[in-house]
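Below are two complexes that have subunit A in common, paired first with subunit B and then with subunit C.
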Partner chain A sequence: MRALLWRDLRLAVRAGGGFGLGLAFFLIVTVLVPFAVGPQTGRLASIAPGILWLGALLACLLSLDRIFALDFEDGSLDLLATAPLPLEGVVAVKALAHWFTTGLPLVAAAPALGVLLSLPGPGFFWLFLSLLIGTPALSVIGAFGAALTVGLKRGGLLMSLLVLPLYVPTLIFGAEAARRGAEGLAVETPLMLLGGISAGALALLPFASAAVLRVSLR
Partner chain B sequence: MMLELRDVSVARGGVPVLDGVGLVLGPGEAMVLRGPNGSGKTTLLRAVSGLQPVLAGEVSGAERVAYSGHADGLKANLSVAENLAFWAAAFGTRGIEAAMEAYALAPLSDRWAGNLSAGQKRRLGLARMLVTGRPVWVLDEPTVSLDAASVALFAAAVRGHLGAGGAALIATHIDLGLSEARVLDVAAHRAMAPLPGSDEAFL
Partner chain C sequence: MSLWEYANPVRFIRLTDRVLPALSGAAVLCLVVGLVWGFFFTPDDYRQGSTVKIIYLHVPAALMAINAWLMMLVASLIWIVRRHHVSALAARAAAPVGATMTVIALATGAIWGQPMWGTWWAWDPRLTSFLILFLFYLGYMALWEAIENDDAAADLTSILCLVGSVFALLSRYAVNFWNQGLHQGASLSLDAEENVADVFWLPLLVCIAGFVLLFVALVFLRTQTEIRARRMRAILARERMA
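Here is the complex of A and B:
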């Protein structure tokens, strides 16, 4: 398991591994938004939490199809399925590697990019915390979508369509927590619901993804 | 008994291809599968490895199988040694030197797998079988793109594996020089074409 995590992380940071793709996309979105909506601080501040959450979600979506497609193409997935590792564990580790290479950099970068959108002072911590709690759900749900479409050529479009509705609850509660934090309101309820979504996704979806992968490998 | 198939039927894409295949492999035994292209050798080997379910019959010993398919499962951005070390770790064994030695990969150890020739990649893929530590090797066309010297290395590795009490099931078209291996021609087990009018595939 640890070997698989190391291998995925190493592959991600080596040439052509796709590390930084999501981060670059996130950066581009947040840099361009002030140009598109105008520089009024009040308007930017009110939309900043939502824009940052949406940017992080789309950046996450961008790199999802790499989770299984590359391993499927070069035959590694067949070999992993015959290895003594449980397939559920393989899925969980690969989702974790995706979170380390995509979700975690987004969480770290979001407060810095919040400055560009004049996010109000109290919002920085809550944005950071809500992303930290919510992005694991994005990776695990995304791994499920990637597992569903792994056998399809150019399955990226279908995967986006399948995954986006599943992302909606995470986005609603994540952005709500960040918004309420920025406006100085109580954030407990959306944060708890966000944590619940993450915990539920982490607990259940690896099993669903592994079942789907077994069907895809036939 | 290492691997036993009893009356196994397999299907590919919903179409039955092989019917009533039975075989028994004991320690130190090898079997070569023969049959024309499309006769179902790959499908049978995937079923034996547990990658796809059988239509009927029973496979026992799938958990002892190390599978090698058409693709070698190599990562282009990892070195030869890193690729092999990963599979050793995934199968819970350690020590890749013997496998590197057996396929003359030691001089390539630090090269990226993406920069290897087709034959070298295949050798690395076959070396993976040695680090799995599994007693039954299931190999699908293992000698594709290997030169004569590499085929000899492969035959020596298989013979060493059999000598150590392992077993091997190999689908191949060429003569590996494994005189002790039994031959199973899968063409004899071709599944009967479904009756016209049967729309089972749509159910």
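Here is the complex of A and C:
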């Protein structure tokens, strides 16, 4: 498992740009928002937590197809499926690698981008924390969507259609926690629920993803 | 004699051929009676006036939008466990019907909401969860269309249906948490203290029965069509081989 994790991380960092792409996308989305809604500080501050969550979510979505597509094309996914490591474990490790290369940089970058959107002072910590708790769920759910569409032509657009509705609860609780934090309200409830979603998705979805992959590889 | 016999496509087609005329006739009858009764022979509500009458389309459509997804869930489970092709095809056949019901519920809700709430759309939990349900229907149907291999498509969509059900339910409670609602609470439950008055309730029941019958008839018909289309493809493939 550790070898697979290292292999995926090295591939993501060294081979072909996927690593920084999500971050750059996140930055561009954040920069575009003031152009769209106007540069007034108050208005930006009130929508900043939601925009940052949405930007992180979309950046995450953008890099999902890399989880399985390359391995599916060059056949290494077939090898992984016949390896002693159960396919569920492979899926979980690949989702984890995706989180390390996409989710974690996004979490780290979000407070910096918060400055651009004049996020209120107390919001930085809660935005950081809610993204830290929520992005693993995004990766695991996304891995399910990527597994569903792995063998398809034009899979990318379809994957967005499948994955985005699944992201709704995570987005609601995550953005709600960040917003409440920014406004200085109590954040325990949405954070707990967000953690529940992350933990539940992490525990259950690899099984569904592995079942789906077995069908695609058959 | 058990229900599973109708997992055989030939038996299924024979049975549905026999019941379809009666079923569709009953659906038409119920809908005509219920809608005419509801639209012309019930009093206006003392506060909502005659706009209340859209309830006869709105409530049954909304009910069936949810129940269609439930039916797809059950059919998907049967496909996963027992691998009956009819079951997978029935789930596929139900999806567009359910999506249409969702659209009807949303549209009639908007038409009703305009005079009552003063807005076509509000981000009310119920409205929002219906919109999300509609997105799930879209994704489900798109996935069916995208996969060429029939069995793989049935497998993948049924797993999507299972996972989607969990997330649709989660979303339903998540949006409750996220915004307070304008929509009224349940007023048709069997165990509630305060319900809709009988004058409205009886024609509504007839309408609900009509929508249920309509849904079953449509699903039977569409499943038959799917079975026949698949047979035709098999015949064509065989001819090409020969």
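Note that in this section the second predicted complex is superposed on the first by the 216 of 218 C-alpha atoms of A that agree within 3 Å, B and C clash if a C-alpha of one lies under 4 Å from a C-alpha of the other, contacts with A are read in each partner's own complex, and residues count from 1 in each chain.
To be clear about the criterion, a contact is a pair of C-beta atoms (placed from the backbone, for glycine too) under 8 Å apart; a residue touches a chain by one contact, two chains touch by 3 or more.
All figures in this text were calculated on a predicted structure; none of them were measured in a lab.
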{"item": "Partner chain in contact with A:Leu164 - subunit B first, subunit C second, else both or neither", "value": "second"}
{"item": "Touching partner for A:Arg154 - first (subunit B), second (subunit C), both, neither", "value": "second"}
{"item": "Which of subunit B and subunit C A:Glu176 touches, first, second, both or neither", "value": "second"}
{"item": "Partner chain(s) touched by A:Leu80 [first = subunit B, second = subunit C, both, neither]", "value": "first"}
{"item": "Partner chain(s) touched by A:Gly42 [first = subunit B, second = subunit C, both, neither]", "value": "neither"}
{"item": "First (subunit B), second (subunit C), both or neither touched by A:Gly121", "value": "neither"}
{"item": "First (subunit B), second (subunit C), both or neither touched by A:Arg218", "value": "both"}
{"item": "Residues on subunit A lying within both footprints (that of subunit B and that of subunit C)", "value": "218"}
{"item": "In the complex with subunit C, residue positions of subunit A that touch it", "value": "144, 148-149, 151-152, 154-155, 158, 161-162, 164-166, 168-169, 172-173, 176, 189-190, 193, 197, 205, 208, 211-212, 215-216, 218"}
{"item": "Subunit C - residues contacting subunit A, complex", "value": "132, 135-136, 138-139, 142-143, 146-147, 152, 155-156, 159-160, 162-164, 167-168, 170-171, 174-175, 177-178"}
{"item": "List of subunit B residues in touch with subunit A within their complex", "value": "46, 49-53, 65-67, 69-78, 82, 85-87, 89-92, 128, 132"}
{"item": "In the complex with subunit B, residue positions of subunit A that touch it", "value": "2-4, 7, 10-11, 14-17, 73-76, 78-85, 217-218"}
